[in-house]
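In what comes next, subunit A is part of two complexes: it sits with subunit B in the first one and with subunit C in the second one.
Showing the complex of A and B:
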């Protein structure tokens, strides 16, 4: 366990550095720059700006400057939102995105596991087929369809929840649900498939022979090993949800991190994009480590 | 009142009847054995009434006066939870992998409604099935235990709730010979001490005979009498040490010389050091000679044989074939591989499921197209299969047929040594007997030398002139088969001989 943690930490930093350098190079490969606007700047101003932000240095030097700064926890100034540092922008957006994503992930896990268990408990029945069909639909429907649909029903027709904005926790209900549904569908299908496989194994017959209640066989003897595929899906999925769901944040006008992802890239706001990438990559690494620790708990044989 | 009474019991799977009317009754402290080859319906007839197999039971099966056949699942669940303990064949997979031994034992303890057991009580429960170091075992997960330990845990769990009836479905088939005897003795002792009724399912007529009060032989779902040809065939099928010495071809000149073989593996997990699987083993083999490598599970016999055949790693030692050193696993040429050909334990798993039999057999012959089909047909004929098998796939073969294909695949390159790694252990008794007959015939006709890996001395003796006994990676005793069997010297050999019928 401790060995695994140390090994992962040792690889995490180089991984982050490589991700940063690659995204930096990719951004520079794309045509256009941060100071290209509708109206061209006069050459003297452009040269002054370029040199002020260090963009006239050779690429390796620039990379060294950026990565070095990020290593010290400073994301630098935004090239487009001139009065803000990137740290300010992230500090505004991240808490909203984290709250939204964490709630959506919890809801998706609860819904997905509950439905997966229900369907596996009645494997082959009409309930099972109906639930699995619904889950396929949920995963197939994009959030820009389910989001407005939820708004239409719950905000406009029934009037029980607000349409958009973020003035009180009630405003988070619809976006959280819209964000959670496709993930819940995927988790339910993975859990159902995992359970179906585990339920054919010998140790389930031993548990049934013991005269245990069916739900006990399912939850105590079958569920944990069946969750291995769920864990490998849920790690990256959680990282994606937490760093901001662009579509949902746009549909519901939430001031989260997601819009910086898009706007930063479109505006060639290099420090902003690198900041978002860093957070995203760090979360991916963190959740994959978490998933690895989880495997050991789900199936002790994986501990070696 | 009988503990368990069965009358006119039938079992059908998917509309097909697999058990056609069997009757017996079982009193407290008694043992009834259900014996038959695979597919005889013996497991189904003991599991289906309790609702824990794919079969649907008909007729009547009464547990302590309550009818099981036709009862609701809730009723049957209650009855088996309160009054019955089950032991299954596969100790490696029958325990839940993510729960500790202590947790599973405690669950079994409380399944009939008893209060949660104390730590002390669980330790004693493991002591009753003769498991030492019970304190440590309680906190372990099943995969840390050996097969024998797991089967004892299964037994401890099966009797933890003080059942009236113990159903043991081939409880010893997956264990090696000394363990088989110990586990059967343990079951007999528990039956006497606790007054349990024991329903024992087995394919080995002789092994259960001394433990059972009554033996029921099943043939394709029907009960047959003790003088029925099937019963006699079943009795004759497993080789016994009391059989007369077999007729073996006389060995020729020296073929294979092995000296000082050492094989080590890194220890699993995060433990330091290396595990010595084979420690300085030496042996030799002559043309047409059979040599048996015998030992318990984990004694290193398969690892040694694989090292010799260059299928597994080897850290030190020499192997010479007809006086020429055999190159290492990575340097050996295909032409040199053909001299030693293996046949493995699980015939279906060792054949590629997607391939046709003809392609499996002819794979080493890819460059010999003109008479390919003729050779395949001749080989199929030699192993007792018709030419129509050439186009089948492994899933369409029975275990015995698949093993015949595996033997044909080994013979296609005209080997001089056959490496048989438990080649008959996974097969049903009757089928295994016929495969042994085939191997004996090949041994005579082709003057094949045989390296026979087995945990069963009596089976090994059918084909082998000499026997080498392995324990903890070392060959502890080696000599002519009859001498080893009649006068074993090493304690390990003595245990093996005593455990063999």
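Showing the complex of A and C:
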């Protein structure tokens, strides 16, 4: 188990370093800069600004300074939101995004596992086929279509939930549902496939032969090994939730990290975009690591 | 299988020839019919908030979306097949290194890499698909590698080697034709993913730029306007969903057939 963890860490850290360096270089390659406005600045002002933000140093120095600062949790000043450091913006946005993501993940797990169990319990039946088709539809629906549709139905037509903003927990209902749906679909399909395979194995036949209730066989004996494919999906699921959150935060006007990311990308706010990419990459890598541990716990043979 | 195929064919044909048959183009404005409902005279899908015909815009948008998707999926096919075939065929350390690289890329947040590319190189449609294609080849590479490794041990490949055929000939004449089926299935599954990414970028304002349009832009415009004119969201959204669902269903069916 510890060997596995160390091996994974050995790939995770270089990946993070590559993300940092590549994204930094890419942003610096960009034509146009943060001080390009409608009116050209006079050269002295431009030079002063450039040196104040350290943009006149050679590239390797800039990278070294950048990595060193990030290690201390300092992402530098935002180039567009003049009175804020990027760390301030991240500190404001990250809790919103994490709450949104965690709630969506919980909902997706509950829905996905529930439907997966239901379908696998009646494998081959009409219910099974209908549920799996519905799950394929869910995974194919983009969040930027389901989000507005949910608003249209529940906020504008029925008027039971707020349209956008974040003033009370009620404002999170629609965003969380919209974000969770595609992930729930994918989890249901994986759980269903995993269960169907486990159910053909000998220990299940033995459990049934002992006269255990069908739900007991399903939940106590089949569920844990069947969760292996679901666990291996945890990494992609985290990536899906993060990218989905960018859209959802834009659609529902939630003050999360994703909105800052889009604004930063449109405004060429280098430090902000780099900070968000770094945090997203770190989160995804962390999730993959967690998935590997989960994997080892679910299937002792993978502990190697 | 028949229904998704029919849907897909309908959408593709409409997108291909439809714009030529309509009196309105995607950017022409009808001042007498601003934001009219569907089925109004002359505007089958109605018009948007500045009086542009929604049917014309939806058809052109579908065409752009499909064009980007096909181009990007082809880029991913080329890179993925080449990468996977080389890794699977050479084996050993090179294979290990090449697949480790793929694993590392898998851990990256793709959408953000594509967005970074857009930000850096400007928002051109060409870059949208090169960027997407360049990050969407990973699954293809894994699948092709697996396939090549199984094929490598088969007698007909050994026979070709024993007969003195050069590796390039074995690769092109014996390996690739046998990989084609699986590659096609995954190509079809890549297309909806690319459609999704393109629409996502356009929705955020980072992809295709106005006045040119794509399904993502139309959904965005519809969402901004949906309290007054819900049809502007529902029609392009419906086309996008139909497209994504039929492509996914066909792709999954093909994949199940070829991977046994």
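By our rule, the second predicted complex is superposed on the first by the 281 of 304 C-alpha atoms of A that agree within 3 Å, B and C clash if a C-alpha of one lies under 4 Å from a C-alpha of the other, contacts with A are read in each partner's own complex, and residues count from 1 in each chain.
In the analysis below, a contact is a pair of C-beta atoms (placed from the backbone, for glycine too) under 8 Å apart; a residue touches a chain by one contact, two chains touch by 3 or more.
Quantities reported herein were computed from a predicted structural model and do not represent experimental measurements.
Trainee: Looking at the overlay, does A:10 come into contact with subunit B only (first), subunit C only (second), both, or neither?
Mentor: Touch status of A:10: no partner.
Trainee: Figure out whether A:206 sits in contact with subunit B (first) or subunit C (second), or with both, or with neither.
Mentor: first
Trainee: Quick check for you: in the superposed arrangement, does A:220 touch first (subunit B), second (subunit C), both or neither?
Mentor: first
Trainee: Would you check which partner chain A:158 touches, where first means subunit B only, second means subunit C only, and both and neither mean what they say?
Mentor: Neither subunit B nor subunit C is touched by A:158.
Trainee: Which holds for A:44: it touches subunit B only (first), subunit C only (second), both, or neither?
Mentor: Once the two structures are laid over each other on A, A:44 reaches no partner at all.
Trainee: Is it subunit B or subunit C that touches the larger share of residues in subunit A?
Mentor: C
Trainee: A:299 contacts which: subunit B (first), subunit C (second), both, neither?
Mentor: After superposing on A, A:299 lies in contact with subunit B but is clear of subunit C.
Trainee: Share the list of subunit A residues that count as touching for subunit B in one structure and for subunit C in the other.
Mentor: Overlap of subunit B and subunit C footprints on subunit A: empty.
Trainee: Given the complex with subunit B, which residues does subunit A contribute to the contact?
Mentor: Listed in rising order, the residues are 3, 201-203, 205-213, 220-221, 224-225, 297-301, 303-304.
Trainee: Considering the complex alone, what residue numbers of subunit A touch subunit C?
Mentor: 11-12, 14-15, 18-19, 23, 26-27, 29-31, 136-137, 139-142, 144-145, 147-149, 151-152, 156, 235, 239, 242-243, 246-247, 250-251, 261-262, 265-266, 268, 273, 276-277, 280-281, 284-285, 288
Trainee: Provide the residue numbers of subunit B that touch subunit A in the complex, in ascending order.
Mentor: Against subunit A, the touching part of subunit B is residues 50, 52, 77-82, 84, 86, 88, 90, 93-99, 107-108, 111-112, 141, 143, 154, 157, 268-270.
Trainee: Considering the complex alone, what residue numbers of subunit C touch subunit A?
Mentor: These residues of subunit C touch subunit A: 100, 103-104, 106-112, 115-122, 192, 196, 199-200, 203-206, 216, 219-220, 222-223, 226-227, 230, 233, 237, 240-241, 244-245, 248-249, 252.
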